[in-house]
Structure formats: C-alpha cells, structure tokens
C-alpha cells in the first residue's frame, strides 16, 4: 500500500510540474496587444507612462523564464493576480464562485450514480436481453447528444412549455434552500446524464466479469439465493474498479459544467472562465487552467487512493 | 435461533446407524453444452452411486466429462451453455433435478457440500476468510454473526489452521494455496453435510499438501459417517483413498469397481493403459513411460461405436460399430467392452 | 468456467486486416448502422451545393425567424437565412473539422504511442507522464483557452484539438504495442536479427490497426462535439459561416419564439456523433476477442 501511494504521488508531482509549464505557456500565448486592448477600459492607454507602469506591473517586460518563476512563486503563495476585466483579486472571484459549482457537481454526481449504477447492474444481470440492448444503446445516446442541446431541449420542455422548473437563474442556498434546489435540478440532471452513461457501461462490464468468476460459483454452492449471491458477493468486487471511472468522467463533467452554467445562468466558475476567455483576461484564464487541471489530477489521485483502500488485495500487502 | 447441530432430514436416525445405505444415486445422467461449434454431449448416460461411509472416485482424463458430472449434481452448470438433458439425480430418494430452486438452495452447502479445485479463485477476494467460512451457517442455520464467527474459528481449527481467531480476519490473498484449500474444506464442513463432492481438490497443490488435504477429507467421512465423491485424474490419490472407483471416458463410465479390484484386475483396455502409464518406483529410471496411443477424442465428433476404439490395442470389428454397454464381471465390478480383457 | 473442458480450437489470424474488419462490420449490427449513418451524412455534406434549396448566406429580411414553411422546410434564422441550407453546409464544416482534428491528433499520437510502447524504459515513463499531464485538461477547456490565446476561428480549433487530442491515440497505440510486443512471432523476428524499425513497420503496426480505427471513429465523434460546443459559444466558426453549433446558439437565443429551430441542429449533431460512436463501438465489440488473435 505504501508503495502504491508513493508511486502515485511521484507521478502526480511530475505531472504538476509539467502542468505549470503548460499553463504558463498557454496563457502567455495571448498576444500582448490584446491584453492591452482589454485593459483599455480601466486604464488610460494614451499615456505611455501609464502603459509602462501597467506592463511592469504585469511583468510583461521581463524575460520569459523570469516571468514564469515570478508567476509560480506568486501563485503558490496565493497571489493569483488581479482580473483585467473587473480589477478584482482573482482568488476572491474563485472563492466566491466555487461553492456554486461544487453544489452543481454534487447534485450531478448523485444523478449520475443513481442512474448509472442500477442501469449497469440490470444490464449485466439481464445480459443479451432486450432490456440490456435498450439500456446500452441509451448510454451511447447519452454520450452522443451534446450537453448543451440536451439542456436546451429540457429547458423548453420542462421550463417553457410546461413551466415546472425555472429556465435559468440561481438562488443561493442560504437565501432560500428550496428554490436553490429546484433551480439546480435541471442543470445537474443534464450534467449527470453524460457520466451516467459511461458509468453504466463500466458497471455492466465489471459485473459481467465478476459474475463469471469462480467464487460466485462457490457462493451458489453454499446455498445462497441468486439475489444474495449478486448483492453480497458480486456487487462489492464489481464496484471497486468502477471507482476509477469517476476519475475519467470528472474531466468531461468539468467541461460540461461550462456550458451548463452559461445556459442556465449559474454564477459559477465555468461562467467566470468563459467570460474571461472572451475578454482575454489572462490572470483569470491562467488560474482557471491551473484549477481545472489540478482538480482533475487530484480527483484521479484520490480515486486511485480510494481504490487502494477499498480493495483488500492492495490495502494489505 | 441458535446454531443447531442436527442436520439430517430425519432427526430420529443417527448417521452411524445408516452407514452403507445409498446417499446419492445417479441414473443415466446426460449433459449437453451448446457452443459455437454445435451441441456437445459432454456426458452421455452416466450412472453411479455413493453410499454413506464410503469414498467414491470418478477418474478420467481432461475433457471426459467428470467435472461436468460433479457440477451438475448441485445444478451449478450455468444454462446457457450447459443443460442436463436426461437422467435422475437421486439424493436420499429426492430427485435433485426436479427440485425447486429454493429446495436445491437448501441442499447446497447444507446436505451436500462442494470443494472446488482452484483455491486461488474459489474464494471471494474482498471478504474475510472468517466471513466466508461462517456463511453457510448463517444461511442454513440462522446463526448470528457472532455464532458464525465462533463456529468458523472452530472449523478452521479442525482443518489445522493455526491461530484461527486471528486468521479469520485475513483475506484470501494472505493465505497460501494449501491453506486456502483447507479453508474451502472448512467452509464445506460447517453444516455437517452428508455428502462432500470434491472436484480435483489436490490438482493445484504441492504433493506434501495434497496428502494433508486428502487426510482431512477422509477424516470427515469417518468422523461424521458421511460420504465423499472425489473427482480426479490422479490415480495415486485414488489408490490410496478411494473405496470404489468409476473410470470415465468420453462422457461415459467404462469401468466401475472396488478400488483394489480395479488396480489388481483392470478389465477395460483404457484402465489398463492408464495404470500402465503411471511411473513406478520399481522401474529403471531410464525406462520409457508407457502411453496410450493417440489423443482424447473431440466431444463434438466422437467415433462411431466404442469411443476408445481408435486408441485401443485390443479393438475388434464389433468395437468400431457398436457402443459397448456396462456389464458386470463380478457383483462389484462392471465394464463396458466387447473384448474379454484381463490386465 | 475453468473446470468445464471443451476441446478448444486455435485459429491463427489469417487474411489481411482489411478483410477482417470488413467481415466484422458486416456481422455486427451496431457497426453497420453506424457506417450507414456516416456514409449518408458524408454524402449529404459532399452534395450540399447541389441539393441545397438556398444559398446559406442569402438573407431574406422579410422572412426572419419563420417556422417551417413550404418554402423554407426548416424555417429561417434571425437574418432570414434558410436553416436547411445552413445545416447542409454546416455538415461540411463539422465533418471536415472532425476529420482534420482526428487526422492531426493521430499523426502526433500514433508515433508517440509506438515509441513509448516499443522502446519502453525511461522514455516510456516520461512520455506517459506528459500524456497524463495533457489528459488533465478536458478537451473543451483546453480549446477554449487556446482560442483566447490564438483568437477564434476553426483553424485554431483544429490546431488546439490536435495539440491535446493526441493523448488518446498515444495511449491506445502504446497499450496495443505492449501486448503485441510479447507475442511469440515478434520474439522470433527479434531473435533472427530483424532490425527494430522493420519489426515495428511490418509486424507491430498491422496488429495495432484495429484499435486505431476504433479510436479514429470515436475521436471524430468527439471532435464534432467539441467543434459544435465551441461554435455554440461563439469561438468556433466565424460569421457568416454556418455550423451546427452556431445554429443551435441562435436557436437558444430565440427559444421562446421559434422552439423548433433548436431541434434540427441538435438532431444533426447527435445523429452524426451517434453514427461514429456506433461504428466505433460496434467495431470494438466485434474485434474484441480477435484482438488477441485466437478464437475460443
């Protein structure tokens, strides 16, 4: 177990270093005049002294590797820069919007598991039947339909044609819990259905593989009913590897969140990022890229560790 | 409900009083597999019985249908692809084939227990040993978690696992192959079954461990006045432990006798060949091993007549056209061959 | 089941990979349906200039945002342009983009996978870490960030996709190479002194073709989704070019006015991606046991 963890941590560290370089390069690809143009709103661009000061402030005069190290050291210490568009501390923007996105993700994950696991399980147990075929085709559909279209269709059906849910908008939880949850249902559902498809497929193949194992036959030979065999003996070994799928689908969920937040007008990190991209607000873009990639890295790491804990073969030498 | 010790269907008779009576009576068993290459008759009319207090062996090469036979007794062959297509499996008078699912579940692990050949994969890797050994007691005797725990520790002690209480909390991957096999036996013993079916229990083990495992099984039979049906291809095991032996070839029983009879006076050319091919200590070390010509037949494409005739040194014309039937050469010795052969 | 012994028959893989694939597709219903969809849509895209009722850039300001009529089967957009025409031309955009993205991604990823898998060791480790790092970016976010850096437009979308999308190919190819590397006939080739490059070219690559084709199919689907997503946000195709994603954005803006406008573009995207996914999945299922080369 210790070895398992340490290898993973080592890999993670290497990846983080590569990531830092990547993000920096991407952000710096933004041509300087675009940055200046973006700042034209808040700063007097006609005065060359001001322009010089701003350039110095953003470190645009130093050689590139100095810029990288400066940026890195500031970032690590929590100074994520100031947004070009709003002039706000980027870190503060982040913290303000993080809980919103987190809530969206939490609900989406609940949807995903609630739909995906039973679907995969039933498919596996009723292998090669019509139901299996329908469910598995459904998963392909889930992956093929763009999330933004699914959102649009559902908004029309359930918010405009039949005004059950609000078509957009967000109410903070502390203000009005009920409205908050109702507003979250549709967006999180759309987000969840995509990963539900992937999850269902993995659950299905995992369960099928486990059911074919010898120890399942042993369980039957002990006189357990088929239901007990599945629930007590097959489920746990089958679901343990599925945990790693979360790592895989987390990335696509993050991407999906961008669209969902825009379409449903939810003031989360996704929306903030897209706005920043349009405005070429590169401190925010940088911070977003780091946040996204680190997040995915950490989730994958956590998932690997979780797997290690759950599977006794890994946990105990 | 507490762990009850009585397991037999009729609680008035004691097992020791019923030694010798027929426990398992298999009549004309037929099993078919549907595969991509067509329907395969893996088992073609097999009949044998097992009596209380005795150890019966089914011997044969890989592919002869012996494992299929063993698994079918408790209806453990998945359908598809395998189906029992004929015959009766009578256990204490009741046909296991016609039992409801609930009834056969009550027999499994309780009245009849199975020990499988792959100790590595037969145990659930994510459950503790203790939980798995105690499970039959929880299912069939309504034992509580604690009761099952204590009984499981006791059982592990019976099979000579040291420090059972500690090892109960271990997982299968922490045990060696031999220990795992002993655990499987402990698992089967819990409800004091009347019959244990052991499918190649020693194949995956070292020679030294093999002896231990077999001794354990024999001890079970003696102590509980139960019975053991052992499936194997290992003639040495058979010679030492079995009371009666059935030799299978291509889905049929070709010879059936008391163990000593089989070894001293084999009456089927296949049996003769098998016995001759076992290396002996009194042979010079450089002597070539005798072997049976040819390869085991393809179950989907069996020869006409006696399935063994292409490889048989004594085959006559009749063997090529007509399937021999099992006939008695003595009250305890049957064979299926047209040639009057003495080993 | 381990204890049921049925005589197994080993079949050495024979025939070229192409015939193997063709027969797999024919036998697998999913793959066949996918192929039909792909071919039909490709035809529509190719023949768009011939079959389109209108020019997609023609504005008819007297028929703005009209629903389906006899003249405009799918209605018009906010500038009076015929939706059907725009969708047909949008097909060209999507398919072309999908193919180019995949092509470039494959051109980068396959060699990397081959090198990592065949050479192994430290090179493999380093390449894999880099791959993992790139994988930490969801495709979309990467492309969005790049479009901020490089500017909007399809060219940049394709470029950005290639820059991150190679990871999928690299992984699959590497995995396959690792498998094939251990096969006896490769060892035999090595033992008889065949040079590494030759082994790779003549033996390893043909055996990795099958999963690569599956990956290509799936990647085109992903690329189309990404392109429509980026165009939906306004960072992909630039006006007046038509793209399914773009039309969907228009539809969303006017959802309450002409709800049906949003239906067709979404259906087109979904159908196309579905076709590629069906094909890829079906092919993968059909090839699965054969990937190991033996028939059980």
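Going in written order, the chains are labelled A, B and C, and every chain counts its residues from 1.
In this text, a residue touches a chain if its C-beta (ideal position, glycine included) is under 8 Å from a C-beta of that chain, and two chains touch if they have at least 3 such contacts.
On a predicted model such as this, the values are computed, not experimentally measured, just so you know.
For the criterion of most C-beta pairs in contact, the winning chain pair is A-C. Centroid distances built from C-alpha atoms place B farthest away from chain A. Centre-to-centre, using mean CA coordinates, chain B is 54 Å away from chain C.
Centre-to-centre separation between chain A and chain C, using Cα means, comes to 22 Å. Looking at chain A, one finds that residues 214, 217 touch two or more other chains.
Within chain C, the positions touching two or more other chains are listed as 1-2.
Taken residue by residue, chain B touches two or more other chains at 116, 118, 121, whereas all remaining positions touch fewer. If you check the complex, the residues on chain A that touch chain B are 213-215, 217-226, 228, 233, 236-237, 240, 311-313, 316-317.
Those residues of chain C that touch chain A in the shared complex are 1-2, 129-130, 132-141, 144-150, 221, 225, 228-229, 232-235, 245, 248, 251-252, 255-256, 259, 262-263, 265-266, 269-270, 273-274, 277-278, 281.
Contact residues on chain A toward chain C in their complex (touch as defined above): 11, 14-15, 18-19, 22, 26-27, 29-30, 140-141, 143-146, 148-149, 152-153, 155-156, 160-161, 212, 214, 217, 251-252, 254-255, 258-259, 262-263, 273-274, 276-278, 280, 282, 285, 288-289, 292-294, 296-297, 300.
Contact residues of chain B toward chain A in the complex are 74, 76, 101-102, 105-110, 113-114, 116, 118, 121-127, 135-136, 139-140, 171, 173-174, 184, 187.
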